[in-house]
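Working notes, beginning with the structure itself.
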Amino acid sequence: MKIHEHQAKAIFGDAGIPIPEGRIASSAEEAGRAAAELGPPVAVKSQVLVGGRGKAGGIKIADTVDEAQAHAKAILGMEIKGLPVRKVLIEKTADIDRELYLSIALDRSIRAPLMLGSAMGGVDIEEVAKTQPEAIERVPIDPEFGLRPYTVWGALRRMMGDQDLAKQAVAIAAKLYGIFMDLDCSLVEINPLIVTGDGRVMALDAKINLDDNALFRHPQLEKLRDTDAEDPRERDAKESDLSFVALEGEIGCIVNGAGLAMATMDMVKHAGGEPANFLDVGGSSRPEKVLNAMRIILEDPAVRVILLNIFGGITRCDDIAKGLITAKDELGVEVPIVARLTGTNESDGRALLKSVGLESAATMEEAVGTAVKLAKGASA
Amino acid sequence: MSILVNEGTKVCVQGITGRDGSFHAQQMKEYGTTVIGGTRPGKGGEIHEGFPVFDTVAEAKSAGANTSVIYVPVAGAVDAMYESIEAEMDLIVCITEGIPANDMVRVVDSLRGRPSKLVGPNCPGVITPGVAKVGIIPGSIATPGPVGVVSRSGTLTYEVVHALTSLGIGQSTCVGIGGDQVPGMNFIDTLTLFREDSATELVVIIGEIGGADEQIAADYVANELGKPAVAFVAGQTAPPGKRMGHAGAIISGGEGTAAEKIAAFQQAGIPVGKTPAEVAELAKAKLSG
Amino acid sequence: MKIHEHQAKAIFGDAGIPIPEGRIASSAEEAGRAAAELGPPVAVKSQVLVGGRGKAGGIKIADTVDEAQAHAKAILGMEIKGLPVRKVLIEKTADIDRELYLSIALDRSIRAPLMLGSAMGGVDIEEVAKTQPEAIERVPIDPEFGLRPYTVWGALRRMMGDQDLAKQAVAIAAKLYGIFMDLDCSLVEINPLIVTGDGRVMALDAKINLDDNALFRHPQLEKLRDTDAEDPRERDAKESDLSFVALEGEIGCIVNGAGLAMATMDMVKHAGGEPANFLDVGGSSRPEKVLNAMRIILEDPAVRVILLNIFGGITRCDDIAKGLITAKDELGVEVPIVARLTGTNESDGRALLKSVGLESAATMEEAVGTAVKLAKGASA
Amino acid sequence: MSILVNEGTKVCVQGITGRDGSFHAQQMKEYGTTVIGGTRPGKGGEIHEGFPVFDTVAEAKSAGANTSVIYVPVAGAVDAMYESIEAEMDLIVCITEGIPANDMVRVVDSLRGRPSKLVGPNCPGVITPGVAKVGIIPGSIATPGPVGVVSRSGTLTYEVVHALTSLGIGQSTCVGIGGDQVPGMNFIDTLTLFREDSATELVVIIGEIGGADEQIAADYVANELGKPAVAFVAGQTAPPGKRMGHAGAIISGGEGTAAEKIAAFQQAGIPVGKTPAEVAELAKAKLSG
């Protein structure tokens, strides 16, 4: 889960990481009052959960209160990459001497957190990593010891180029690690980390991504969720305990297991079709999961055929078949259904489907082929 | 021979009184696995569907268990892993999914200097066909033979194993390492065991989008494995930035795409199948070639 | 450092360990009011930092408010093992079904905490350990994992003999471990841990010993220090950064290093003398340490000779000699001084002593022999 | 031969700019020890009294150091140990005293599965006479020879070593393990090294009141060491319940008395000297007997 800059900055502030003084505003009037309180010049920053706000015109500097209000009015009306801007952060501008980069993220290859730092901040760090890998300091954090001053001293001294600035950066890195661990983050990032004209190190931006699996123990963070940034069907699916990702195609897929679900999508594509979604019903095989899956998929008017691909292990084919039959009854499904059931309780499942006139394909290849043919026939 | 699971495997089912633990204890036993019993604190001394129940893994170990399999809900799964690590079980298989990544960082770190191997979490487990299984892989699809299978996906493992068996090609051991970002054993840990296993003549690697484990595995196969391999990569049509079911299956920052991984395998001389059936055919060709 | 039962119980209560309701009182009147508030019967418990309060008459049960007041009056006038009783804890009595024992202590042999439990509580656990070792459950705690329910479940189930009681005991043990680690204890002990008639598990007594080396990070605990229980000279020595233990003999010892200080005492005893104290000036050799050491030793009128035994490593003999000379000047030392100086800057130190008419012994044996002879001569 | 410290020892002095660190860096160097330099965060790149200063132990290691010695005040000493453990120094000697016991529990636990050996804290360090020393043991009192010394006390070590040298008996290596309750290497860890060391023909064990390490050591000598030993135990006149200087030197619950320890040594056939001089004589007799 992602949270907004102003929310991340509040967390930074509580942890003692220096941030510019700022106020959040939902209207131009509020923005004007905030600008007056802070004293111009101020930055007016759109709060949306996508990158590239600056390029999209979502960050403006205002030299007067009136200008701040005008910028806020313009920005609050914007959509950035499809997301409406509902709030702006009004912030005192900083006297920027240098822009740098600092982050901590979970690194899969070392199975531990990794601190990244760079003297090249305020730009796309992935681009820097590709073109100038030597410009990036990479410090693995041993989870047994955590991030201690000695862990990052060498890297941050090189990056900051100065003992006093390095000391400030070490303190910030330690606090960043504290946030990373305490809140179960997958990423905490400061881009840019700035050095001000008078030699202070400060977080000018703030990004925190949270581990969805850990949100259950951070109810106060769950409250920060911004549903604007979420597909309503994906949210609906999550509430039904389904993994779902909406796509652009016309073949609705219901599969058990994430890997098989991806492989099914891939095979649809190879066969000349387009998947309408990724959907994993998971390991449990309660019939209502299939019912919910059907309901969510059928909300998409582009769906012309439903492809059910089940390899039963922990999942039982008869449960799946029961769910499908219930869905047919309750939802009045009008598109054709292609089913393939293999594994645990396979024959029971197939018999159940046959009883309502649904033939099961023998293989995954056959099922995918039939689905693609039906989708093309339907659209022709 | 085989890896991880063999004739000497003696299983303790953590969470044996739960729905999944109960069902799969039975399934494992029917497959021929020695199931010593299971744990459920507060129910020690009882018999659950024919299996002895222990309060703790330590007690199950005293009764002979050397392998744990965890079906405990997510709230208790981390403790369940620690319990088996502290009891120094040889092999710990964690089926439970949804465990916070930072918890797994600590669990994996705690294995340093300790004798246990951990498979999972969020995985289907391990099967040595014809001998024993630990986890939830359906026994019926597997048959003994020369192919080692290691996979980040559960059902995709079943597909590939089923396809292999359909072509008459058996498996030495199949290991589902799970789809999380921070797994216990990863591709390299597993391939290292397959390298030493005389019963394994060829390895099937089933990867998916996210991370760079497939690239690292490709490199290992090219330089260290000393046996042929074939591969599959799921998620060629996955959009970037979206988590595809597994916590670890996400293309982020333009990295971890299926295309990169397929290219890495091919550069390492590892054929990549487009479907599970094609993977089985590639394996057959390699074995007879 | 030891703290009082009522202080330990406050910590237990904050941690959620069940304790009897109670009030602290410094006078009979306060005790009476407390008894009235709680409602008799109540226990009146002397708060002193020694064991064996019960046997010494320092714990009484009162069935009425008047009786509580009378008991408090009697107990508040007592001395127990030399310590004055300044406070009493007035506590609601519990309906005791069984008395057990539970503690966590640092165990040197495993270099980790060890939980001890026994179904035989309310008695001297060291006695039980000697006579019935099988009656004691010993559970080592792996510091990497801490005390988790599974760690202690087996032992506590055996000890409690019942699932429900075991669950309560596991919860108490986990909280006890939390206290042990969070407050840097060397011992947390509940003796007795009781089971009430209605099946509740509760701490009837509470003992917490703190690691002196860790007190610097627990200033709130340092405030609980009861100086009544400390020898004033030992406190004085601690403030001067000296390790000092008062003894009964007549030879005052000043030594560098704890092991050598003990060996010097032992050798005095073997030679027929009696050491007046243990005193380690430590590794640093600032002259004022010797001055303070002399001052503290000379407060004891029994001291008839001072034995200085220094093997200089990090300690420098000339510094020691300077301190001794200053002490002679400032304190007007009347008892004879026997010195032995070896090691770092030995010749400088000896020369300095010689300049004020003090000969140095060649060996430790010689110095001890001379000191014992002088002490005997003085006392003859 | 020797244990822990030898010709290849290359020292990094943690806290080299402090009073003690500075003094003993010089002392070690004068004794012939290779001192690569020391650490003081924020002073990296400077030269302190002829020694290079590094910001971190990792940098000192890159410059060749394989051994750390810690003179950092207590507030920073635990971090200093972790820093050297993370840098995987071969040997870490912590001179600092007054470290909380629970901190040491965690430090010692963190050594599991890592390559470093830790001596101390609250110890005088290690000397291999004629070769090198790490810590604060005065070099002048020691001379090369066949006796290994292991001790819980600093100055008592000096007394015994001095007495040995006075009798013409040299030492292979002298190890002061320190007087804390939770030390890094303990008697057994050190004796195990002496057992394997061909240069060590006899071991002197210097114990004191508190704990049961002497009893365990006596048992090890009787059953495992394969070499003769003599012993000394300080604190026969110590009253119970009082901490005698060292955090670990306390008789509690009637356990850990000098009498118990002396009896254990004697039962294991280890002569116990009444004075340091007598210990040296016993060693001499054993060696020539």
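Think of it as A, B, C and D in the order they're written, each chain with its own count starting at 1.
We adopt the following convention: contacts are C-beta pairs under 8 Å (C-beta built on N, C-alpha and C of every residue); 3 or more make two chains touch, one makes a residue touch a chain.
Keep in mind the model is a prediction, meaning the values are calculated, not measured.
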Original post:
What is the touch distance from subunit A to subunit D, in steps?
Top reply: 1
Original post:
What is the set of chains touching both subunit A and subunit B?
Top reply: D
**OP:** Count the C-beta pairs in contact for B-C and for C-D, then report the pair with the higher count.
**Re:** C-D
Subject >> Greatest separation from subunit B - chain, by CA centre >> reply: C
**OP:** Would you mind pulling out the distance in Å between where the CA atoms of subunit A average out and where those of subunit C do?
**Re:** 57
Subject >> For subunit B paired with subunit D, centre-to-centre distance based on mean C-alpha positions, whole Å >> reply: 47
**OP:** Would you mind pulling out the distance in Å between where the CA atoms of subunit C average out and where those of subunit D do?
**Re:** 27
Original post:
Where in subunit B do residues touch two or more other chains at once?
Top reply: 112
**OP:** Mind pulling the residue numbers of subunit C that touch at least two other chains?
**Re:** 142, 144
Subject >> Touch-based graph of the chains, sorted into line, ring, star, complete or other >> reply: other
Original post:
Okay, what are all the chain pairs that touch?
Top reply: A-B, A-D, B-C, B-D, C-D
Original post:
Inside the complex, what are the residues of subunit C that reach subunit D?
Top reply: 106, 108-109, 111-113, 126, 142-144, 181, 184, 186, 211-214, 216-217, 243, 245, 247, 255-263, 265-270, 275, 278, 280, 283, 311-314, 342-344, 363-365
Original post:
Quick one: in the complex, what on subunit B touches subunit C?
Top reply: 41-42, 44, 55-59, 79, 82-83, 85-86, 110
Original post:
Where on subunit C is subunit B touching in the complex?
Top reply: 142, 144-145, 148-151, 153-154, 157, 163, 166-167
Original post:
Residues of subunit D touching subunit B in their complex?
Top reply: 112-114
**OP:** Spell out the part of subunit B that touches subunit A in their complex, as residue ranges.
**Re:** 20, 24, 74, 97-106, 108-109, 112, 124, 136-138, 141, 151-159, 162, 179, 181-183, 186, 206, 208-213, 216, 232, 234-239, 242-249, 253-255, 258, 274-277
